[in-house]
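Two complexes come next, and they have one chain in common, chain A, joined by chain B in the first and chain C in the second.
Entry: the complex of A and B
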């Protein structure tokens, strides 16, 4: 049973954690694509700066002496999300909205978003340097070791508190988003505009408001994803820039413009990455006594060497684009 | 139009002279060589984006291929490798690869023997898996053996100019495969797919230690022209030797640039260029006129990538070190895009102008922001505030910010670039 628990630790838990972060990032990208029809590269910088906002707030909270049973990073998350949403609105106002008013093509907006990425990355590095920071300098990261000896395992199931909270928070966010998109008037307007912007406008939907709401949701979710990633690993200026491509892969695999597709794509890519670098020889070890002598299990049976973990996402992306270019859920086609 | 271009180029010339007088001739001379190489790369992207409207965000991958090619061709021969079992083991890996490729191709034809639908898909997946395992079973021990016994494969010891050409050929081959896979995609998808592929190329080159020495880096890579050290042996003074050697390298690079520029300008003004613009502006109309849009786009993607491969090779042999970790999307993909957009997509003079200008801005933004920070720090301390800590490290980060600022300003106020495309119309 030890092997099975090892499998759960290595694949299920880390896959779920990675998947929730990818999913939250991909929802923002896919919503922006659905409404504004361009691939928003600066989303990674929204995530990173959201994480830094949360970090500063957490520092401020702990300097005020606030101490709670859950990590401060999660306590300040709602405030940081509001600030990040405002930041996203400001970026749209300052950089994308003038170009849209001029009637620029989506490609121009894409290039502009790269300009924004560079500027924000420069600013973050200007203020925070290139080093890494941790949310857990003043507090300890609680680690739960679930004893599984009743299953006959010698190893415990290991989950850290941030990881557990992360999955819970992701589920809450996704359910809230689902109800927003299906039940509220504004959410329905958003889906209508993603379907056909001109038709939505002539049927009296306030498209400017929908655009603003899109940026608010995208900014808040990006902040959430960035903060949770920083809570799981460490906070550094290229935190999200390194994973923006798997996030795009998740959005495309799920079908650009499809919020549910982005969630499915995020978890698919997350699990695919952890499964492909998982060393299967450990799981096969119990078979040793069953197998005849002439078959020996090699020491390393990972499908892909660990160095190539990120390339798995691109392989999935390329295969998806070849086999089903609109993604799993039928995505936007224009 | 011409007057405007001349003014801009004259301004650029003055800027370079200014940089030269402030930062010194040795520094400026090496930046000029790099600027020439970047001009070639920007021309490559200009073919793809300016002529063909193709969204290639994988410039970094092609630069790495060029760098690898020149390293492989021009680095001295490694006798340890050729004397060991390495070549034999690599040969077996190659055979395994060929068998795998053959199996995959055979599976694609399996419908001829009556395997259809879901069975064919299952067979294809199975065959891919078997082919992958066959290849891994041969390449893994070969890689481990070479790394343990010989370090890495080494080079072939040929003149670097052939390395540059090989870089172009290698980039062309990879571009052909990428183009076959991705060119049917829409612009956004193409952008992300090419970024993904360039990241795959980076991961491969970084981790194939047996072939590229990976993070251990390869140096010194020889120059095609005499090195400063060679000239010093001839009795020249240090500084003069350095400048002469770099001028030699610069002249060779400019020669390559001039040939490329001449050829693509000819092609652009000919029927081929008109066809490409027609495809870019309205591919549906072009297709209905009987143009094979997919093949023409593949053609242009390959041509552009050749220039990128050559440019990447020139950059690596100039710095004499091939370090896969030094390749970053910002420094090697996005900056080229800024060059082409700011200079003027679709105009070769614009691309070259943009390349030199942006490279100079990239270079001077660090000392410039250091000066600004120093002044600010001086003022803040003189009125009793805290000074700015870590000015050196901070001003190095300003380069990225300035790059982003330049492109956002350009998109806002000069969306067609400083030297925009000229469209000739018959009266």
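Entry: the complex of A and C
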């Protein structure tokens, strides 16, 4: 039983956290692709700068002596999301919108977004240096140890408060997004424009407004994902840049343009990555007494060494594209 | 004063103009049908009215206001609707959501209009929760027309509403168009089934090379031996 609890700790909880982060990032990428038809590479920088905005706000809050039972990172999250949404709108206005007005092709916008990535990374390094920061320098992570001795386990189930909050916050965000897309006038207009932009225009839908709403949602969710990632590990200038490829894989696996697909793809890749680096030898330990002597369980039985975790996302991506080229939820193929 | 009046409209996609002076006048009680050979500028005329390409000369007056080069999000609230020929439904959205998108520019309650559209197209009511992409060609055309009617237009423009439909649906769509017109919506449509459409047109326009060649009532155009010979296949 101890082994099972260990498995839950290592795979279920870490997988859910990583999956949440991937899902929130992938939703933004998929929405932007659906509406504007280009792969927004700079999404990683929206995530990183969103996390830095939250970090600054958290510093400011704690300097004012605000102390709350939940981590300051979560308290400031709503404000940071608003600021990140404004930042996303500003980036669109400054870099992508002028290109779109000239009728630039999607590949031009893609290259522009790589430029934005480099620029924003440079800016973050200029102000914060290359070091890493922690949200928990002045406060401690509350850790819940759920006693599982009644299950016959010698180890407790360990969940940190941030991890728990991350999963809860993600669920809230996803449910809110679902209601927005299926119930509200603007949400439906967003789906309409992703479905058929020309017809949306012909119907009199204010497409410029839909584009703005898309950036607001994508920016806010990116900030959420980035802050959560920083709360889970540490905050550094290349925080989200390192995971932008699995996030893209999640969006593509789910079906580009499909918000629900991005969520499914995010969790799929999140869990797959944690399962593949999980050390199975610990789970197999109870077999030691049953197995004959000549079979010894090696010390490390992970499917993939941790350094190669990223390859898992690509493996899933390649398999998905071979078997179901438009992704799980039948997204755009272009 | 006609509901819409085109006077010597010149326009195109930026290069050489496709329309070289189109004149048209449609009243709210009219069914106007544009016919002509391929490349004559039939669909282009509708797109020029709807602001989907650049009008570089002439004027378009709708409901007393100059509307040349206005964009759809300004034109729809003024009472102009357009049903494109292809890709004219949101395939991933339900029939009802398609209709709601037609009412996007309206901020008032549109339940009455939706009930009216369902009355006009009873087949849609049964399928209102179904994605529009799963419907047959004829039903999709109904969804497209229903969507365009949700904004309560004064003038409904249709680009080849019968294209690709089986003969049974062609008749049904034409009958519906006549019924919509009787409810007080002006119609301006482009049709390939020229003879069939001119039969119920109160105004007919034969375009060639982006210009009016013949203008008259539908019956007059059908009766004109020259029109019949050159444009209606004898």
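Everything below uses one rule, namely that the second predicted complex is superposed on the first by the 329 of 334 C-alpha atoms of A that agree within 3 Å, B and C clash if a C-alpha of one lies under 4 Å from a C-alpha of the other, contacts with A are read in each partner's own complex, and residues count from 1 in each chain.
We take it that a contact is a pair of C-beta atoms (placed from the backbone, for glycine too) under 8 Å apart; a residue touches a chain by one contact, two chains touch by 3 or more.
None of these values were measured; they are calculated from a predicted model.
Once the two complexes are overlaid on the shared chain, A:249 sits against chain B while remaining clear of chain C. When the two complexes are overlaid on their common chain A, residue A:70 makes contact with neither chain B nor chain C. Of the two partner chains placed by the overlay, neither chain B nor chain C lies in contact with A:175.
Looking at the shared chain after the overlay, A:206 reaches chain C, while chain B stays out of its contact range.
Touch criterion met: A:39 reaches chain B, while chain C stays clear of it.
Taking chain B and chain C in turn and counting the residues of chain A each one touches, the greater count comes from B.
By the touch criterion defined above, A:321 lies against chain B but remains apart from chain C after alignment on the C-alpha atoms of chain A.
After overlaying the two complexes on the shared chain, residue contacts for A:117 are found with chain B alone; chain C is out of touch.
Within the complex, the chain B residues that touch chain A are 55, 181-182, 184-185, 187-189, 191-193, 195-197, 199-200, 203, 206-207, 330, 334, 337-338, 341, 390, 393-394, 397-405, 407-408, 411-412, 415.
Of all the residues in chain A, the ones that touch chain B in their complex are 33, 38-39, 95, 98-99, 102, 104, 106-108, 110-112, 114-123, 125-126, 129-130, 245, 248-249, 252, 256, 305, 307-308, 310-311, 313-315, 317-318, 321-322, 325. Those residues of chain A that touch chain C in the complex are listed here as 185, 188-189, 191-192, 195-196, 198-207. Partner chain A is touched in their complex by these residues of chain C: 50, 52, 71-73, 75-77, 82, 84, 87-93, 97, 100-102, 104-105, 147, 151.
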